[in-house]
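Shared chain: chain A. Partners: chain B in the first complex, chain C in the second.
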Partner chain A sequence: MGKFAAWVGYLIVLLGLPQLFDSVLAITILNQMAIAIVFALSYNMLLGQGGMLSFGHAVYFGLGGFMAVHALIMIEFETVYFSITLIPLVGGLIGLVAAIFVGSFSTHKAGTVFAMISLGIGELVAASSLIFVSFFGGEAGVSADRTFGPPFFGIEFFQDVEIYYLSAGWVFVATVFMYLFTQTPAGRMANAVRDNPERAEFIGYSARRVRFISFCTSGFFAGVAGGLFALNYEFITEENLNAVTSGRVLLMAYIGGLGYFIGPIIGAVVLTLMNSLLSNYTELWMLYLGIMFVLTVLFLPRGFAGFIMIHQTAWLRGKLSSLFLPYLITGMPAIMFGGSILAAIEMLHHDGEPFGFLFITLDSGNTLHWLALTAVAAASYYACWRSLGQLNAAWEEANGVGDPTERGPG
Partner chain B sequence: MSILSLHNVSKSFGKTEIIRGVNLDIQAGERHAIIGPNGAGKSTLFHLISGKYQLSSGRITFRDQEIQNRPPYEIVRLGLARSFQVTNIFPRLSVFENVRCGMLWKQGLGYSFRHLLGSQTELNARAMRLLEEINLDDRADFPAGELAYAQQRALELGVAIASGADLIMLDEPVAGMSLSEAEAAVSLIRKITEGKTLVIVEHDMNIVFDIADRISVLVYGEIIASDSPQAIRANPKVQEAYLGEAALEDAGGNDA
Partner chain C sequence: MLEVFVFSTLNGLVTGLLLFMLASGLTLIFSMMGVLNFAHASFYMLGAYFAYSISLKLGFWTGLFVAPLLVGTFGALVERYALRRVHAHGHVAELVFTFGLAFLIEEAVQFFWGADTKNYQSPDLLNFPLFTLFGQEFSAYRGFMITISVGIFLALYYVLTRSRIGIIIQAAITHPHTVANLGHNVPLIFMAVFGVGTALAGVAGVIAGPVLTTFPGMAVVLGSIVFVIVVIGGLGSLGGAFVASLMIGLLQSYAIASNLGMPDLLNLLGLEFSRDHPLNDLWTLTLPQIAPVLPFLLLVLVLIFRPTGLAGKREE
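The block that comes next holds the complex of A and B.
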């Protein structure tokens, strides 16, 4: 029942968001999130669940997207006749076909061999996209108009919010199916092969075949995401299948948390928000994204989802609320310290010209500003460092560390 | 009736011949131990039978089917399962998942993505029963990698027998265990291989002579004797091989 409630909640959130955030910008961001969620979940099927590190996952997203745009063009010119609501399926099928082809030789090994092949295929397809202009449209890409198709229950998809509801439906269905996949023999053996491909062979499974199945399924859902992209933007370019897009989906899945099904969803939401909101405030958002990635790898190796999950013990012991104050005491100076570092970076960036930072105006030419910043940084660092002891104690208390009545593993 | 037969099996790594023309018959239902000094090729022999290594020459038949040079997953599907000397489980999967994964193929689920494991009631019950047999039922939900060493070894056995194979090959199942752990492991091995054929490699001679119906002695890649425990104990060639090793070590010391 708990799981069922979680799914209903997920659907309500998906459908309710445009009610809460109904500005043009918000709908644009929501559409981007929808695409990113499906894409990141499909990526996690490879890396998190199957142990295959891919540097070229955008290939399946992009090829699906290109074919989806071509399908929209065909609908427009009445070469084919079907509702544009099925466009993501077109993208998915193309992603699947491409994955069957590439997977037939790339899934032989995981690890470095797989990663290098994925990188090579990614570069190859990105290069081809500038060569085969009739399909990929060269640097300009290809574009279409989604409003020419037969209306879907009277909806002609002139507005982005209509596309959002369509996308939300696809996101929900895709998430359900990707979750169910993890519960099947093929999905569970993907975990087993990730953990130990050798032993998997000694319990009756070809590691290669298991990887191939995950790879193809993942390619299909990446293509679905590409189809959603095509519907939303009505155009697609080489940029959507190159290494930058492949890198971004890796970041999403990793920052969100590879080991957890919801990890990539969190990652997709966070990165989309950073991408669209932070970029309004600073030109340096890519730098901050990089810093966040490095910090995540160093301090939260299991991502945001992993950070949430380590609180499970405290939650089960009913001690979660006892952590709130200690977190606040350490968190406030930590945020202050981070903020002062950011301010310093921005001051170096805006060399010599005053700029607005949060509620104040900073100027790198003003020595007083530098001194104040240094003071804040030093004070907050000290406060943070001093408070670690109480946080540690509270953590051990909440998790029952050192309590002999607690039963640990082993 | 022999269930597993090796005919002139040889294996070389480069110019080094590790297994040199081994002939061996394992009878259905027997407990057969393979012993021999370090470096005799016992583990290599296991790897050849189970499909991990390719043969250089020779034939292996299991139930009248030739299995040499077939991939491990095809061999295990025929009913020949094995465990490993170094624990070889799925560390991030739960203990329960480990044994259930071992059961999937035999259950006929194959690579299916249309069946949900949660609804396989009979399979799940069987996996729980196996966990009870190997005394890990109270650890079912733990990640396998977090188990204590002896428990991981028990799980190693559990994964090996999960497929319901008729022939089980165990590679040093009690290595690295304390005396009491080893005793528990031996009685566990007896219990779970009841009615099956067992081939075991083990260093501890007490355990070997306790458990085996028949013993084969492998020295420098050759089987020098294959007989009942009493006959092996009395065999002058075997005594020589073991004594010879000690003598050689002494000789090496003198040379230096």
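The block that comes next holds the complex of A and C.
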């Protein structure tokens, strides 16, 4: 029943968010999140569950999106007649077709060979999209109008919030199906092939076919995300199928946490928020994103979801609350240290002109500011370093490490 | 016709040898750690930017020597304090880390040097035409680039196959445990090879900066091409990388210089399509148009039909 409750909770959050945050900006961000969640989940199906590192996943997203925009144009000119609520399905089918074609030759090996083929295909498609102007519209892309289709129960999708509810529905359905996929024999075998293709072959499964199935399913859902993109923005350009978009989805899935179903959802939400909110405050948000990504790979190899999951033992032992104070003691100076580094970066960036940083005004021309910043950074670093011992002790206590009466979970 | 051929051959050689300088370091690092370093071209970019900053104060020649040293030191530090840490989490984590590093370096370069193109000039000493052929000049700087690249290739080849250090490195690549048992510090060797590999990329950046322009996107432009070369040449094969570099360099240079295209092919076949044919874009395609795509086409074809590349060993 716990799982059922989680799904109901997920649906309530999806549908309730626009009630809580109803500004125009918030709805825009929510729409971006919806697209990102489906896209990142489809990527995790490849890398997290299937062990295939792809550098060209945007191809399926972009091709689906382009076809979806063309479908919208066809609806507008009444070449075809169906409700625009089905547009993501069009995107998904195109993503599936493209994935079947590419997967037929790229899935016989995982690892570096697969990664390199995906890179090559990604570059090929991105470059071709600039050459075949009649379909891809060149640099300008193609655009359409979503409001010409037959109304869906009286809704004509003039407003972004209506598109959000439509997207939320699709996100929920897509998430359910992607979760169910992980529970099917095909999904389970994908994990087996990821961990040890040789053994999987010995039990009688073709590693290549298992990868192929994951790959095609993943391409389908990437196409659905592309269709959602087309519905939301009503235009699409070459940028949506090139290496930048492929890189971004890798970032989302990795920061969120590969290997956990919920990881990519966390990654998609966090990165979309950073993308839209942080970019209002600083021009350097891409630099911070890069720093965050590298730090995540270095110190949280299983992503945010992995960080949450390592607390499971402490939680099961009922000792999670005993970690709160030690976290606070180490966390406060750590945040102070991070903040002073950020302040230094911003001071270098705003060379010579004063600017507002959180609640204070900093000026890189003022030597006193530099001295104060150095002092804060040094003090907080020292405090953080000194507090590591108590955090470590508390962690071991909460997890029963070194306690002879305790037995670990295996 | 002949003059176009001669000049595109020369230009292809310059590009190919430059690509080899990047590919050689990448190949060494790959055979050592078994992972492709996505950030390799970023070290090349750092080389160009360091050399630019140094050349403003101390001139081009100081930059030529100091910038690669800086890049190599940075590379060694990255290996020691980051890659080695990530190594424990497997190859995907390493590949993803170098991908993130490439992203971070590009942003950092924009932070420190700005997003605009830098006016990094070749030295006055080499600003004269080396020779004039068919009324076209071939600059001495390009000759200098060829000399440096060939010199590095020969030096690398000599060190790796003839010197004691080279033999230890080669042994450390294939049998790290045996080499460690013989008393060599294998992690130190790995760090040094990573440092030298990135320093080579740095050299490439220093000498390519003035010709290929120094801007924050220069790593992306070359990055994936270098990958293509290393894969086509056969992962881990230095000789294969050399052949593949020249091949890609020449291929691109010929494709750009030629004016052939689909219209010529259609003429030859006696076919004709009207301008409003739905595939008009395809029927009017020309070689210079698809020149940037050719390496990737080659990459996909090689991976499908011969995944081990030109000179790669058969997989076990």
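Please note the rule applied: the second predicted complex is superposed on the first by the 407 of 410 C-alpha atoms of A that agree within 3 Å, B and C clash if a C-alpha of one lies under 4 Å from a C-alpha of the other, contacts with A are read in each partner's own complex, and residues count from 1 in each chain.
The criterion applied here is as follows: a contact is a pair of C-beta atoms (placed from the backbone, for glycine too) under 8 Å apart; a residue touches a chain by one contact, two chains touch by 3 or more.
The structure displayed is predicted, hence computed values, not measured ones.
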| item | value |
| --- | --- |
| Partner chain(s) touched by A:Ile266 [first = chain B, second = chain C, both, neither] | neither |
| Touching partner for A:Ile203 - first (chain B), second (chain C), both, neither | first |
| First, second, both or neither for A:Thr217, with chain B first and chain C second | first |
| First (chain B), second (chain C), both or neither touched by A:Leu284 | second |
| Contact breadth on chain A, by residue count: chain C or chain B | C |
| Contacts of A:Met252 with chain B and chain C, given as first, second, both or neither | neither |
| First (chain B), second (chain C), both or neither touched by A:Met116 | second |
| Which of chain B and chain C A:Arg188 touches, first, second, both or neither | first |
| First (chain B), second (chain C), both or neither touched by A:His349 | second |
| Complex contact set, residues of chain A against chain C | 47, 51, 53, 55, 105-106, 109, 111-113, 115-117, 119-121, 123-124, 127-128, 131-135, 243, 247, 250-251, 254, 284, 286-287, 289-291, 293-294, 297-298, 301, 345, 348-349 |
| Parts of chain A lying in touch with chain B, wherever the complex brings them together | 180-181, 183-189, 191-192, 194-196, 198-206, 209-210, 213, 217, 259, 409-410 |
| Chain A contact footprint on chain B (complex, rising order) | 50-52, 71-73, 76-77, 81-82, 84, 88-93, 97, 100-102, 104-106, 109-118, 139, 142-143, 146-148, 151, 159-160, 162-163 |
| Chain A contact footprint on chain C (complex, rising order) | 36, 82, 85-86, 89, 91-93, 95-97, 99-101, 103-104, 106-108, 110-111, 220, 224, 227-228, 231, 235, 278, 280-282, 285, 289-290, 292-293, 296-297, 299-300, 303-304, 307 |
